[in-house]
Each structure stands twice: as structure tokens, then as C-alpha cells.
């Protein structure tokens, strides 16, 4: 976010905290590279739609619509596009240690509905897109995403998706750790919690990624 | 945190957000395994001591003292102990894309002081401990920590260190993704920002780890 | 292999080479742990059956039958079982840089036959087994296998499958690098090339794994 | 290797084996990318010099001299250069499960000599080179090498070093799995065993990398 405009986290981060981050000269701007990719994290019915336990409709659907715009521009510029969705965990080991609704105990859980794992129709993947099944928060952990980005000589990863305090920062931290430049278009992510959403955006912007308005990312893509 | 006691994040997470997390049955308790290890993340002068740009004394020193207690109990029970500190980045590529004080531009930066990368005297590693040099947020990313934990047949990772909204959750997410049970003793972590600290603890407790009082972890270690 | 019995590589490794390995005290015995898992690499029609370009029937089918025996014993002892097969690469990036039959150029290639990626009927996975789709040689690279093994507290990985000079050693090296004890039952692996098969077994046994007769592994499983 | 010239493995791979590889259309040529890096694996006194248990002087020193030539050309073209050497394992867990001379049991072992872990003087790293400490066969496993290559937008990895049947193929397989184009200049690698050396070169060339004369790589670097 620019220095002189309001940031989405302004109402939750107190002045005293901001002083500490200013002391460390955190934040600033990472900028953009020459070869971007778009990674859309978990924009499935299970995470977007409130009728599912983990759905976050209030910010979920708006983030889907913003991502639609992002993808449209990206496709026009030949940007490689990657989606993630949850893998089909058939055993307890595959399901892992998530501290959430215990779907295996509750057989009737809507989480077991196959539609929960389906990417929402509005941003339906096209044949050239890659859909990655993942079991863990990060889109990189135990997937071939890093290899796919290297194949395409990508230097910049634009991260959209759900949720801002979960799989999105996990993906951002890994993209950053692989030394990709990381950009988060603010309107393209959403969360169940309003405070978690804002503070997670703030923390990512301080350390790892540029959290910017979608309009700025659209201008960047246009410039390619 | 227990349901009926105050949690550290109570004053920053609004009721409406809590309802959304309740709907997803997030939180709950992961419990403890049989073979724990302790991972102390970046408790170096550069992160603990306010005279350094990234220091966070206010919560840094108290978290060091709590970690001293944790380590004492752990050592008494033969728990394997791992420390991390920042690797010595001699080139820009090794330094990566951190959005913080540009130490290579500012030669006189205190960040270049070798003491910044030194683990604080109060919790000085002993000969049997392993000190891991890392370049990225997670103690796992591009290190041999996972291999070391497997060597020791560890099933539970107790994470202490700095900072609560940075290297600590990055480490927690990776430990969780490797399917270790993850525990964060609340007093043993600290941050530059008070809100980032509280919200990051909340988010970790909702999804990946048990965020609990140190006294509970001490009781667990005692029971071994 | 024991010191005093013939090893399968005896006719290809010259005396002079053996002296060099003796000087480094390579080889020896790694032994067995308490909690094994079985990993069956790529025993699909495409790799087993000679009617496919990459098939290696001569040693492929015998290795399938030996693996049948291994799995039977393992199942009787509740050993967790993991299979790999090639992922369904829909784009060039997913296909990667394999130096083999260019299936995307040759549309009629039998490699595109879905049966090529199917695990052979003789060792058909059961509902509790996990089938991992992989794109690269190692069963670990960009998969959740390490996490699954940690979930089960595994300390010993028994590797079967195809091919001895390709995906098997890649899997063995990664299992070894994660600090698992690694065992290769000699009859349970196969290769297109007889010399590659023997020399790869020799190299694995010198450095990373115990290459032993299936009968020894069966006795070990029996002892659990 | 070209089709019509003798390959180094011609005297160990029988006709029948070659037919099987021809059937799968393995081998062929991967080619070169636009942005190479050079990775020199473990060219330390402990692996080069026969006075150490793991030394392989006969092919070790010649491979050092060939690598000297490779590095000279690479430096002239601004190619980023990475060296690996064994990390300093202070605990059994860090040492891992190598099936070699048990240095911790034999205190007087020359393996404990610090010079064993030192890169040989002839190819001494310069200040801009990165020296990576590793504990496992691959230069990538639990190191930041992938991140460093991504930082430099590398698409082609030229692998030199020791040994041809150990850390070299482990590094080649990981570079390949990250979707880098991989090239092995034949004269720049060496091994304790003559047959392991030849067969490992053959196997890498069939599947993952172009194994080519150093002169070809020099011409490629010259063309940049």
C-alpha cells in the first residue's frame, strides 16, 4: 500500500506497533518481475460458500469476482495459471492434523460432499491451466508447483484465493522462500474472520509480499 | 486455550469472527504425542534486543526467560533440542527478498554486527543441541530439520521463539504439514507488534497447533 | 548381502573397484527399525509390460510376483503400504524434461493409454493403501509421502518397484536423506537393462540401503 | 553422446540392454537453455584425495582439472557458481545413515580431519561464489540451492563433481525434478569405481541429463 493512502489494516494495527515496524524498516515495496504466474488457492465451494462449514461467503464471493477479473487480464497476456484444491483424503494419514470439523467422524458432514472440493464455476479452470491437489496449507508443500513455475521461467507469483490467514500466507511464505517476487492483490483474497484477514495482510506486506490494490496488478499485467 | 478461560486474543478478535470459526468447528485440541522435540526459532540478539532494527525487547526478553524454563525441563527429560539462527548471507541471492532494512546498502547497519546472529546467552545451546542456520522464515525450509526429527522418531514439535507473526507460524505450518503434532507455549514466543502477536496465536490455534500456557507444556514434559 | 555369499553384482563389478569401496569401508549393514512401511514404486502396466515403450517384462513380472509376497506378509502385520504411479500430465510443464519417448508428439503412443498408468492387477491396492501420483523419479519429490510416513511414526522404508536404475534409487536416496532406514528386497525391483540393474543395486548397497534377499525381509516382518 | 561416436559406457552396457532403451526412445538430447549455472559437488580433499577413506584420486584429480577449465569459462561469462561441501556433523542425527566408515566410532579417522571438508585449492571458491554445506547426497536436499537458482532465473544446471554414482546423480535427479535442464560434462565427474562411473553416466544420459564432452559445454558457454 502507498504510504499516503489508507490501508485496510489501519483500524486494527495500533500506532505503537507501527513504530516498531518502522524501526526495522519493514514493509517497503518488492516490485514486479518480468515473468509472472497466477496461483489461485482453494477457491472451491467448500471455502467460498457459507453453506459449507469452512465457507466464508462474505469475503469469499467478492474475492472470487475480483479473481475473475485478474484471470481475464492474465489470460489475455498468456500468464500461466495454477489452481489448487484439496486432495481427496481417503485415509486419516492423508487427512493430517487439521484442527477443524472432524469429517471422518461425522459421516454426514457436508465437507465430504464432492462439490466442496470443486473450484467455483465463475473461475472454472481452462484446459491449459493446471489444477494442483494439495493436502496442506501451502500450494507448494508436497506439490510440483515450484517445478511448474521453474519450467515457465516465472520470477513473480501473484497469489489469490482463500483464506487470508491460512493457505494464502502459507503459499506466500513458500513462494518468498523459493525467491519468487510475491504480489497479493488485496481484493482477491478472503477469510472467515475480519481481523485475521486484515492482520494477515499487514504481516505479509511487512515481510514477504507486496499487498496491493487489484487495479495496480491489472496495470502491471497490461504493461507486459 | 480452554473454552472457559480468557485467551490472549480475546480483546482483538470480535464476536462475529469467533462465530465463523465456531461454525467450522476450528480450534479444538490436537493433544500431545509420545516423543517431543523443542525447536527454538531465531532467539538471537538481532531479534530479541531492541538496539537492533528487528529487535522486539518488550516481548523478546520475557519469551527468552520462558524458553529458559522450557529448555530446562526438556533437557531433564532428554528431549532433543534444535535452535535456528539466520545464515550468513554473503551474496544478494542468499539474502533473498526480505522486505526489511536493506543491510547491504547500509554497510554500517547493526544488522551486519555478527552478534545479531548469535543466540542469546541465557539459552546458550549445549554441545548435544543442534544449531541450524536458515535463510527463510520456516525452520524447515531448505534445512535438515525434518530429517533430524525423523532420526529421533519425534512425533510432537514444541515451537518457541521469534517472531509470532513471522518465523514462528512459518515453522508451525511446516511442522504441521509434515504431520507432526504442534504445540506453542504462549509465553515462549514474542513479536514486534502486539496485535500481530495475538492474532497470529489465534490463527495458529484455530488451524494447526495447540497454543497453550507454558505450565501445561511443563506438566506434559514432566509426565514423560 | 552377506560377505560370504555371491552377490548379484559380482559379475559386473571388477576387483579393483571393490578394493576402492573396501578402503572407504562402504557397504556394511544398516539393519532394521521397529516400524516399517512398504513403498511400491511405479508397478504399472506401462513399466511392467513390454508392450509399452518403457516396459521391462523380463524382470518386471518377476518383481511383481516377489512384491505380491512382500505385500501379503506386510498386510498380515499391519504395515502401512504406499503405491506410486505417474500423475496425469495434461500440459508440457507437468510432463517435465524426461528424455524418453515424446508422447505428446506421437499422439498414437501407447504411453497415452490410460492402462499404462494403472497398477498391475496382481498387486492391486486395497482401500487402506495410499496411491500417490508423482511426476518425478522419487516417490518423495513433490508428494506427501514423507508426511504420511511421519504420521505413521515409520522408521524403516522397504522399497520395491521399477526401475532399479531410475525411480527406485531416486526414492531410496530421498528416504535415506529423510533419515529413514532403507531396505531393498532384491527380487522386488526390476529394470530394462541388466547391467544398470546390477550396478544400481551395488551402488545403493554401498551407500544408502541394505539390498537383501526377499526372504530376509519376510523374516524381519514376521518378527514384528 | 552423439549416436555415431563411442561412448564411455560402450564397454559395459551390452547390446541387449541397449535394445531395451532404444525401444523406449530413451536418451536423445535435452539441449541447453539461456541462463546456466554451474554446481560443483563435493570436490573436497576428502573425496578427491586417496589418502582419505572416501577419496578417488584416479578420476578425482582429472575431474578437478576439467572443472577448473569449466569454471574459468563460466566465470568469464558471469555464470553463477555454486559449490557444495559436507556440513560439519556434530551429532549422530546430523551424520545420518551413511553406510561408510564409522567416523564417530573411530576417533582417529582421517575423515574427522577438517581438511577433508575443504574444497581443493585448484578450484577455490571466489567471494561471489556460494558454498553450500549439505548433509545428504543431493546438493538440493535440505539446502537453499533451488531458491538461489530461482533468484538468478537459471534454466540450465551444469553439474560437476564427485562421485558419479552418488552425490552427482542425486543432484542431477533433483535438478531434473525441479524442471531445470541438466548437463553433465563427462570429464568433470569422477568415482571410486570404474563401472559405477560408466553405468551411472549411462543411466543419467538415458533419463535425466545430457552427458556430453566438456568441449561441447565450453562451446555452449562461449556462445552466451
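By written order: A, B, C and D. Residues from 1 in each chain.
By our rule, a contact is a pair of C-beta atoms (placed from the backbone, for glycine too) under 8 Å apart; a residue touches a chain by one contact, two chains touch by 3 or more.
These numbers come from a predicted model, not from an experiment.
Q: So which chains count as neighbours of both subunit A and subunit B?
A: Chains in contact with subunit A as well as subunit B: C, D.
Q: So which has more C-beta pairs touching, B-C or C-D?
A: C-D is joined by more C-beta pairs in contact.
Q: How big is the gap, in whole Å, between where the Cα atoms of subunit B centre and where those of subunit C centre?
A: Each chain's C-alpha centroid was found; their separation is 37 Å.
Q: Find the geometric centre of each of subunit C and subunit D from their Cα atoms only, then give the gap between the two centres in Å, rounded to an integer.
A: About 23 Å, centre to centre.
Q: What are the residues of subunit D that contact at least two other chains?
A: Correct list: 93, 96, 136, 142, 146-148, 151, 177, 179-180.
Q: With touch defined as at the start, can you tell me which subunit C residues reach subunit A in the complex?
A: Those in contact with subunit A are residues 80, 87, 90-94, 96, 127-128, 130, 135-136, 142-148, 151-152.
Q: Per the contact definition, I'd like the list of subunit B residues that touch subunit C in the complex.
A: 146-148, 150-151, 153, 155, 177-180
Q: In the complex of these two chains, what residues of subunit B are touching subunit A?
A: Against subunit A, subunit B makes touches at 12-14, 16-17, 20-21, 23-30, 53-54, 56, 93, 96-102, 136-138, 141-142, 165-166, 169-170, 173-174, 176-177, 179-182, 192-196, 199-200, 202-203, 205-209.
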